[in-house]
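First subunit A sits with subunit B, and in the next complex the same chain sits with subunit C.
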Partner chain A sequence: MGRVYLPATLETVFEILSREPSARLFAGGTDLLVRSSAVRRNEGSLVCLERVEGLSGISESDGAVRIGACTTHGELMAGGLITERFPILREAVRHIGAPAVRNMGTIGGNICTASPAGDSLPALYVLDAEVELHSAKGQRRMPLGRFISGPGLTALEPGEVLAAVWIDKDQGFNFHHFEKVGQRKAMAISVASMAFAAHLDGAGSVVRARCALGSVAPKVFTSQALDAFFAGKPLNEETLGAAAALVREGVSPISDVRASEEYRRTVAGNLLMRLEGARAAVR
Partner chain B sequence: MRKKSALDGPRLDALSKVTGSERYSADYYPEKFLWAGAKRAMIPHARLLAVHTDAAEALPGVFRVLTFRDVAGSNRVGIVRNHQPVLVDAIVRYAGDPVALVLAESKEILSAALDLITVDHEPLPCIFDAEEALKDGAPRVHEDNDGGNLMRAVSLCKGDPDAAFGACDAVAEGVFETSRQEHAYLETEAGWARVDDRGVLTIVASTQSPYRDRREIASALGVGEEKVRVIAPYLGGAFGGKDGITVQCLLGAAALCSGGRPVKMWWDRRESFLAGVKRLPSRMYFRLGAKRDGTFHALSCRLYFDAGAYAGLAGEIMTMAVEHAGSAYRIPNVRIEGYCAYTNNPVGGPFRGFGVPQVTAGMEQAVDTVAEKLSMDPLELRRHNALRQGDRNCLDIELTHSTGFLECIGELLEHPLWKDRQAWKASAPKWKRRGCGIGCMSHAMGYPAAVPDQATARLKLKKDGTFRLYSGVSDMGQGNSSTYARIAAAILDQDAAAIELLQPDTNHDLPSGSSSASRTTYTFGNAVIEAAVVLKETILRCAARSSGYDDIDAVELLPGRVRVKESGRFIPLSDIAGLIDDADRSQKGYFRAPHDDSTLAVLYLGAHVIFSYGAHLARIEVDILTGKIDVVDYVAVTDAGKVMNRCVYDQQVQGSIAQGIGFALMEDYLVREGRQETGDLATYIVPTSVDLPDMISIAVETEEKTGPYGMKGLGEVVISGCLPAIANAFHDACGVRITRSPLTRERVLSALGEREDER
Partner chain C sequence: MKRKITFILNGSEVSIETDPALRAVDVLRQDLGLTGTKEGCGEGECGACSVLVDDTVKLSCLMTAAQLEGKKIVTIEGIARRQELHPVQQSFIEYGAVQCGFCTPGMVIAAVGLLTANPAPTREEVRDAIGGNICRCTGYQKIVDAVEDAARKMREGHSGG
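Right after this comes the complex of A and B.
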């Protein structure tokens, strides 16, 4: 078994990574340690980011909110800024694991694991989140949708670290909904999930909507055609039935021990029906 | 009996459990110990040609690698059939079969060494379905078994069921399948062992059955029984899964080859899932007929149980299922056939309920179907047919003991959650369907007639004036130890803290059977009562005589002392202890449970005579978009006799409901081609606290006159009601029946889809 490093600065992280390129990064360890308990001893070193300066906490600038990659799900839920600005993110994070897991697991970990079932991801897609990446060479930003390219696959380059997530403060939504389907109510891996946010007019018709589904494709499923389809329509059974059909055509789920492809496809569409009769939240 | 209130109060083991000071079998790290671990075959059926251990043995830190050649005895274990190898010598029959045993200096080295062991094998054809296994030409799991793959068949017949169905106005038919449930106890199988200078092999293990284990260990390893000592500390859960050999023989084999060093074995979760026994999956064909007025007239059942690779107690579990298939109803014409088959699946074994949860699920759904056909209220139908004391059950045996089934049903009939169910159902929100279901059951207590259900307890007055109680029955978490101590304290008029309780140790020589069969408090509790009564009399007699009285009524026992009534003088118990012979300070009590040997002709091993009863109500909400079932309300009415301690009582009820809801909604240990697919707690789903409703526990306190303080068994009866109550509630909500459990979201959605297609 390799070593476990606990660096305090990003510079030290870069040093370790240049020396041991195969070393694996982690923060809460809620994915890594569970998954690899049997094979861990054969793998290289681990680098824990939990104590690295600048990777934790939520801060606010003029137009955006920066969430440090090592911010735990528990901290996200407790933060008033998230609750006020991005209630859909708080709602999604609330469905992760159970309190003990949420107090260890981090948003950066949820993103870098890049699981199709990552619970925070559909909400982050809907919010058009961007990731902030650091390496010895400098830093760069890119949309989350581009950062994750498939199950477990990200645009992280060797020696690069996810430092933070950025979300524009003003999303312009007045309605949101998140639902996760698992095999039980807590400590469940998502079988299908949906994040939906919209700007509804006074009559309940959609001005603008964004919809993202988890666990029904190699990465979070989004569709510009789907988002556009909602525009100008009320969220009634007819609209949602047609949208559900678009979703079922678009998704490409797998069958595994948790659920079959057919179930995931059916439910992915069904989840939209829950939006029926949605009204704008009163601020 | 006096001082019933003294039985109440918190569990005496609560503090040590919540503070973590209790030492379980896995908590021992003896000096200079070696880790022992088994290499599992990971193939479902094969002829073992060779085991290559050289590479593992060459690894630094590996002490030894053992194969079957190193096992001196029969190398076989088994309670009824002695045929399961400690280490495989010829045929691998399921993926969890152990082929080698490694002793190593550390856990890491052990793990690396296990990876280095390889086997040569010749694959054999496999069989994975119990019903298929019984057909001609099916691959055979045990070549030497006379009936092919049939391990055991049991049948019952009463009246003339064939003709009787013709006289029925309504007949319900159904085929029901239940899942392979995993116990998933917190504490995985663990223990440690050593051979001392005198050649005595001591095994400390997480086991429900130390005395029976001792015999099996001795014969499998070729050691005299007097040279084997088994100690059973508190268990961190067992539920039947540790009613027999798990780590014991492997530990013993390792300790006999460790050069006198202690050895420790602790299965991780994956090994526990792979090699531990499971609830037997079933396929059950039910046919129940009734007259127009609802009177049950005929029942016929064919039950198939998958035993997996070895017999264990599977045949006895199936027999218990046959005994309970007709539940607690008066039915004049009955035919029940049960078959237990060998397959190359994981080994089936005891699990809370012992075959009864399966058949109760089938029977209670058939009962609901009859109610529907007759347009009768399902609870009224049950009341109409419920067995009462003096009635004859499906085995034609008269119920002479306490029988509170009717009272249980009566409680539900009057319960507000039952009475206002229609209004509740009608107010279901959008995309939800609500239903209310009933599940009723009975459960026999103790062993069947052929197996003496007996116990011997020993209680000692120590020199310091406190007491020591020697338990003969393991405490797997159900709280029986605490109850034993409270019984002794109540009779001796002592504070419970004055009673020290020792967990089972075969050196105490108190063979009292296993911690199982809903018998632990009933059978051993009665033995404790006798021991305490005799010891009390011994103390009082000594105190009276030393004070100059012949009559023991001249003195009374108080906490820590005796009071001489006339003079008001107090004598400390430590003084009394000094006056009594060592032999007399320690008293034994013995009890054997009632049994009816005339039933030996009726059923394999004979029938039971004492039953507990229950009636459950589940209110569920079905989400028709996702198939999710929420159990919203749950009421469990139980007749387990008088309640001795409400806290321990309700813990048993709640634990059973939690496990029963898991069985009903999500627990399914999946095996594909003999290999585990849900090998850990990330894939094998058990309910969490938020998956469980508030549970209402109502006790119908009939008095079981043979029971300690009027109680009877409670550990198992409750679990059987959950699956049928929820399955019936689902039918009530959605008008369609799911006959294969668990009722997963996927099965719900697919059943709703099929219903739509029919319209």
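Right after this comes the complex of A and C.
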């Protein structure tokens, strides 16, 4: 029978992992405990991170916001700092599962699962998030884009724990939009999703833009060429049509039970076209 | 490999010797005999196993028994106040929001969780709150009506039925 540890400090987590390298970490369990059948749950030990000091909650320091890895999606949505500074992140996690799943699932779990459909990920890319990793040897930081290398693949080393996500406080965006296409409204894993944020000048032209798409490539799709393409242009049909074409060319979706490759490619481009309406709605 | 787990269940402290790798839903139903909490899917998709953990709605099929330690757990058995139904339960009856009843415990827990955090939800917020609870019978409208009615009752200060 497997054990379940409920450590209170990272030091204890590292001790357990050095003694039992095969022990599996979990936070909310909404990915891990779903995938492990009752039988598999009993194969090895589990280490629950929910009570580890320093892994939960949202704080501010040195011009940046630190979100503890075990902060739940529900806590993120309720956090005034997130709503005020990073509305696109709030909007993205609002689309995850249903309330009970958001009350359990964590931002750290969403990142470490590294699913191409992880809903917080496009928003975190747009915000240039960094991850803070801890192990018995010390800590390191790296951009999220480097941490996730493919579906289910991260730079997490054995014995290492994701402790937090860092986002610069001043993003300088004054327009943002998140949209997810799923098979139904609640509880649907996305077929394609898009996070877009921009600084628009008084005339409505893009000064700087960041765009990231989920579920349309092995990892979140971003493109410097695409971001640069927006500069100096208004978010009108012409700009967005050309951007949509860039996206349809650039993405590399898969076909699965939820959608075909072709459908995903089309939807990815269509998501760009939605920006015109989103822009009109806030003008 | 049993372990002693102590927590507050429906207002009273309980201590049980159980396998911490079991799911919370199994501990509640089998070890403690509280079969009001249902298991529908066992995968987080249906909401039938919802319980309140420190006043927050969670899914007991995705929790290990170990995580009950030190928590305040409320199951459907703890929602009524002694002999008096909770306004949500009363409204479910009045509005015909219960048919086969399998989803009802989870629905009631989701509604109580919502109304604790947000006493005056919009219809859209009510829909969102029960968005993870599947009902094969009612078509949801009567459930949403019932939750709205319960919110009204609670705002007007009815303690129960």
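Just so we're on the same page, the second predicted complex is superposed on the first by the 270 of 283 C-alpha atoms of A that agree within 3 Å, B and C clash if a C-alpha of one lies under 4 Å from a C-alpha of the other, contacts with A are read in each partner's own complex, and residues count from 1 in each chain.
Simple rule for what comes next: a contact is a pair of C-beta atoms (placed from the backbone, for glycine too) under 8 Å apart; a residue touches a chain by one contact, two chains touch by 3 or more.
This is a predicted model, so every value here is computed, not measured.
In the superposed model, A:98 makes contact with both subunit B and subunit C. Shared-chain residue A:48: touches subunit C; no touch with subunit B. Contacts of A:231 after superposition: neither subunit B nor subunit C is touched. Judged by the touch definition given at the top, the superposed model places A:34 against both subunit B and subunit C. Of the two partner chains placed by superposition, only subunit C is touched by A:3; subunit B is not. Shared-chain residue A:74: touches subunit C; no touch with subunit B. Common to the subunit B and subunit C interfaces on subunit A are residues 1, 34, 38, 41, 98, 185-187.
By the touch rule above, subunit C contacts subunit A in their complex via residues 1, 19-21, 23, 43-45, 47, 50, 56-59, 62-67, 69, 110, 113-114, 128-129, 131-133.
Those residues of subunit A lying in contact with subunit C across their complex are 1-6, 28-30, 33-34, 38, 41-42, 46, 48, 50, 74, 97-101, 103-104, 185-187. Taken in their complex, subunit A has these residues touching subunit B: 1, 34, 38, 41, 98, 181, 183-189, 191-192, 257-260, 263, 266-267, 270-271, 273-274, 276. Those residues of subunit B that touch subunit A in the complex are listed here as 108, 111-112, 270, 430-431, 625-628, 666, 670, 677-678, 682-683, 685, 687-691, 744-746, 749-750, 753.
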